[in-house]
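Below are two complexes that have subunit A in common, paired first with subunit B and then with subunit C.
Up next, the complex of A and B:
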């Protein structure tokens, strides 16, 4: 398995290196879909230049990266391209190893449920076999490395790649079962972009499942483990934040980074829903709607945890997708991360209802983004509504894609327990509805 | 008895005009000098600079001063109440084209410019600044109340005090410019009202709004500063200078002819002097250009001729002293006429030693570049210049893209002070000290990104664009001729504006063009639609997830039929037909 992975890595590195040397690099780096005020490379360079001038990078409104990025690129600024290529490769390798381990867990669980007779007798075609699961980790690595979104994100040197890498390592640590490393990487991911806080729930559920601790609110061992994990997470977060304080000897980075993410003062267009909404918002309701939009990212966690407590990895996937769609400054790099997981659910293909339309919508919107941006900003023949419309369509496409996969997943679970060929009471072919 | 009565009467008489004598004593404490400088410009236009200087030997800070004579009460109360040490307000329309017109005696940027040094005793400078701008807005009928933290900066090196100062903590300085401000008659009228004689006598009778605003450049300013009372500088006096510079265009006002006269420029002539003025003079610049004999002829013949070194060059002025009795002997009115003896060659236009221009480069509404070109035309002397740029927050400057190129090589500034902007709170401030080599052009470029603002933050005509205030260049330009130290009281007013430290260079403050930059705009008719559509997308997600989370799969039961089917079955039963 290592050889195909190495080939994929080489191909990815070649594509990126070729694009770095071409004239497209500058064009891609300026695209608002790829670089947002939070993770644009231009802003990192600006922050470091401000530091050289003796001015705190957080004294202005340009730099919104965490001190960790300052520290990292202070030494590595000349090798930036290499850093981003290595980051992408590390993410892909981490996802590869994670999914490899996850497949083993899935297979073991499947075998256990078959032996316990939990499955209906005629679902043999729905059971996943090692043969079909063999190439999934490679496909995941391929999906991530050769996804045009990831390539563009890497060529633009957007620090989204670093965020993705941290989340990938977090997933790897969780699947391997190491609570400590999982908590550390989750703290790092939260420190970098705040929204991975919601990934605490799926990680906790996965680790509980791995330790065979049942998720019951009255169970003492459940609460004990939860407390342990939560305290590990919070302690690492506090340590990382205190270390950041000592870098520049001020707490200025907290309003500049987290205050910026939460209050959305910069309305630079991006692929998300926030910018135009707040550009056209009545001042009186601004605070209310900011709170509503931010709560919208976080409040799906508990219901999903209740529904998907037996399937924490799928929960992780849906949660990642919700973060990527509804975060305040989304970029295509965030989308690339959750799309990398789609091969893991490739066995759901037969239950997906709208996959063709949705993939067409996503592809067309990806092509229309730069066209309508050019028409608005450079040609002056369109206006902001055109770009906004494509944003809406793209987000609807993503939302329906995730909910389609969710539907397919739940439907397969139903079939597994109730049998594939359903009959009504009078013996005729039955239809399945969601009621 | 009679002797005692006589002594008493004498004493009473002596004491009688006591208050009058006290008045006379106070009368001697303030003095007004007025002056008009007419300088023909190389392109055939003519510049007229009025200066009205009131000097008051009083201490406005200590003790309540209640008797105001020449010094306007509005400004005196303002200085006393808000702890102002220096105040400079200029309202300008048009742009002084330094390249073609030469170095200006006192330039101001287009729009409104206000810079103030506060006393060290002022504790909350921002509050005093806000009050000051609001009060001045009322006094001058200008929209200076738009000065707030988003257009105020605190320069560190460009604006040193022009009057007496002990210690210069730059936190007591505030500078703001409103490039969009328009100057009109409404601003001229209160300005004229501050003059001791109003516009009824003296030089101020020439200030007629309809002629003054029919010009290429109109700048009216108020400068208040503390100065030394005498050479020993033991006591302090307050000086108020009101200056008005206007440039009459050769084509529109001059009707194509280069001959000027007071009547042609102002449609009025001088008839008498202001009785409150201790000095009232008209200076006409008759300096020969290119060391030729005099090209310019003035009539009537001047009362005297004055030679001075102004801005590094030897200049000759024809002086008309309005207080001299011989002036109004022949005619009741004085109409100074300027005639050219021979036509002026356009190739004789001298190029000023320091001039600059600024423009926006780039295309599209996403990014852009501010380029400033500074020219040093001195053949062999290099000198440094301080450049101050104040850029609004919505043009996000990237200081790592700042490049300064002179003669093809990079020129690093020896001092750079950069304060990045904070969204909706303060603008960018960039101050640099750049060395200009002799006979060179320096190009300074910096890239910026245009922000998308909230729909309520756009001005009424959003596609007109946003103005960026002029950048300020302050330099000590080496002078061609050595200058002697001038006594402020004896020399013309236009030579004593800026304090000179030594005779080998003179201080010049130049302003570049203001910029007009377009920002991307949202659609202003769409707030309700956008809220509905975005909330619909969020609701689509919420709805899909709600369905999937709260509902479970069921095998579909055969339905018993809806209401229509049951009604149809009832009718069928009546008819005796089998049911559906």
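Up next, the complex of A and C:
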């Protein structure tokens, strides 16, 4: 499988290099859908220039990157394009290896459940075979590398690519079973942007499953392992933050990075839901609504953990999607990451109900974003409501996508244990609904 | 300043042009007059006698002609432009004819006409200037030393309200009507179809026609113009801010440009004074030689400047700590036994 992967990587690198040299690079770099105040390349350059002039880059409201990014780009700023291409390639390779291992795990689990007779007799067509699962890792790498969103994000040199690669390595470490590495990468991901904190739950569930520790609230081994993992995670986070202090000898970066993510002061339009609300809101309500919106991101973790505790990888996927939809400054790079996982659930295709409408909505909205931006800002014949309408529709499409997959997954699990032909008590055919 | 547009406000344009004519006749040149007309009556499509603006019925007096220089015309007559002219806050590209180039020895006459109310004057049917704004503008002028004495005449309904708020010194104000009264127009001309003049300005004009540059008529006579029997409204005036007694203020101080000229038969030699001025210049304060332009800019240095070295480097402790952590993580995951392969 290495050769097709190398081929895909080469194709992706060529596409990106071609776009870097074309005139589209400047156009894409300025699009608000691709570059948000958190990860725009312009701001990285500005921060490093401020540092060369002897001023702390966090003194203004421009630079919101973490000190480790300062360190990374201080030496690599001339090779920025190479860095981003390599980052994308690393992310794709990490996802490839992760999904390869994951498929082995899935297959093993399936075999175990068949031998334990947990499945109903007539579900032969629902069971995944190694034949169809053979190409899934390659498809995942392909989906990530050649996704137009990823390409645009790379050409715009948005540091979202670095965030994505850290999360990809975290997923790889989790699937390989190394709790230490997984905690380290999760701490790095949380340090970069605050929201991967919610990925703690799926990673914990996966590692518990791997160690065959049942998830029961009274079980001592469960709590022991949880404490171990949590302390590893928190210690690494503390160590990384203290290390960042020594870069500039100040704690300025904490309000600039985390205060900025949480309090959302910059209301530049993006593909998220925050900017319009807070632009229209009165001052004395903004604190309340900032809290509501931020809680909304973290809120789905516990219910999902309860429902999906047997399926932590799917939980990880849903959680990634929720982060990219509800975070304060989303960009298309975040979307590309969870879309890369879609081939893993391709066996759910027969249960998806809205896939045509969703793909149409997502594609149309992606094309309408620049059109309505032009109409609003340059032509002056539209206003922010038009752009926000497209943002809303796009996010609705994404939410429907996630919930459709959720429904399909749960439906398949139900069929696996209860048989494909469901009958009600009086013998007529029944239909599963998600309530 | 005429602030009304549309054909039925013909009389305001005629008012302003009449005062303009009188002032020019008494010696003030166009370079010292800022004339603002909000509409063009002479070339208005509804004017049965194009290129004329009459101020007396039966078309006796044409106040328009070849020598009328309008500085602010049509839509340029706005509150903002008016205040900018007064206070001098004008963009540098404005031509001299549109500026009020007055200094602290200038006597200024301001005549405004249009539609007004209690405390405001309407500009162009879309905005108004309030008496407070006007008073503040005059105060700015005073602080910037843009006038010596100022005469403010206003011919609108409830015109006296416009001078109520003045607080700067050396301002004398006249208005055509008191608060609560309307100023009325004088007479319609059936040939043109509109009222040609307002009463107050009509009688002021009659009064001014008898003034010549040498006349000694004073302000008190101007205050008597247009009594209630003729004007129906009660004209008002305000002199409390003015330092001189109105009895002693000549009409030509404001309406005319009267210079005191003394004819002498002596000759004055100017060379002596120029030499005296030059010798007063102390030599030791002059620079030994003037600085050449090229030496003020270090051109050679700029051309051969090398790209700036990056001044900031991450502290050594940070780099050490970071790489120590990375190596620790690496060995924790892959085991110590790899160390001998590394070394």
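Couple of notes before you dig in:
The rule we apply is simple: the second predicted complex is superposed on the first by the 432 of 435 C-alpha atoms of A that agree within 3 Å, B and C clash if a C-alpha of one lies under 4 Å from a C-alpha of the other, contacts with A are read in each partner's own complex, and residues count from 1 in each chain.
Here is the rule we go by: contacts are C-beta pairs under 8 Å (C-beta built on N, C-alpha and C of every residue); 3 or more make two chains touch, one makes a residue touch a chain.
Computed from a predicted model, the values in this text were never measured in an experiment.
Three-chain overlay on subunit A, with subunit B and subunit C in a clash.
Once the two complexes are laid over each other on the shared chain, residue contacts for A:61 go to subunit B alone; subunit C is not touched. Legend: residue contacts after superposition of the two complexes on their common chain; A:371 is shown touching neither subunit B nor subunit C. By the touch criterion defined above, A:105 reaches neither subunit B nor subunit C. Once the two complexes are laid over each other on the shared chain, residue contacts for A:283 go to subunit B alone; subunit C is not touched. In the superposition on chain A, contact is made by A:46 with subunit B only, not with subunit C. Set against each other, subunit B and subunit C touch different numbers of residues in subunit A, with B touching more. Contacts of A:180 after superposition on the shared chain: subunit C is touched, whereas subunit B is not. Comparing the two interfaces of subunit A, the one with subunit B and the one with subunit C have residues 53 in common.
Across the complex, subunit A meets subunit C through its residues 51-54, 68, 70-71, 74, 178, 180-181, 184, 239, 243, 246-247, 249. Of all residues in subunit C, only 308, 310-315, 317-319, 321-322, 325, 329, 332-333 touch subunit A in the complex they form.
Within the complex formed with subunit B, the subunit A residues making contact are 30, 32, 42, 45-46, 48-50, 53, 55, 59-62, 265-269, 273, 275-283, 293, 296, 300, 303-304, 306-307, 322, 325-326, 376-378, 380, 383-385, 388, 392, 395-396, 399-400, 403, 406-407, 410-411, 414, 422, 424, 426, 430-435.
Listing the residues of subunit B that touch subunit A in their complex gives 363-367, 393, 396, 398-400, 416, 418-424, 451-456, 520-523, 526-527, 530-531, 533-534, 537-538, 540-542, 544-545, 547-549, 551-558.
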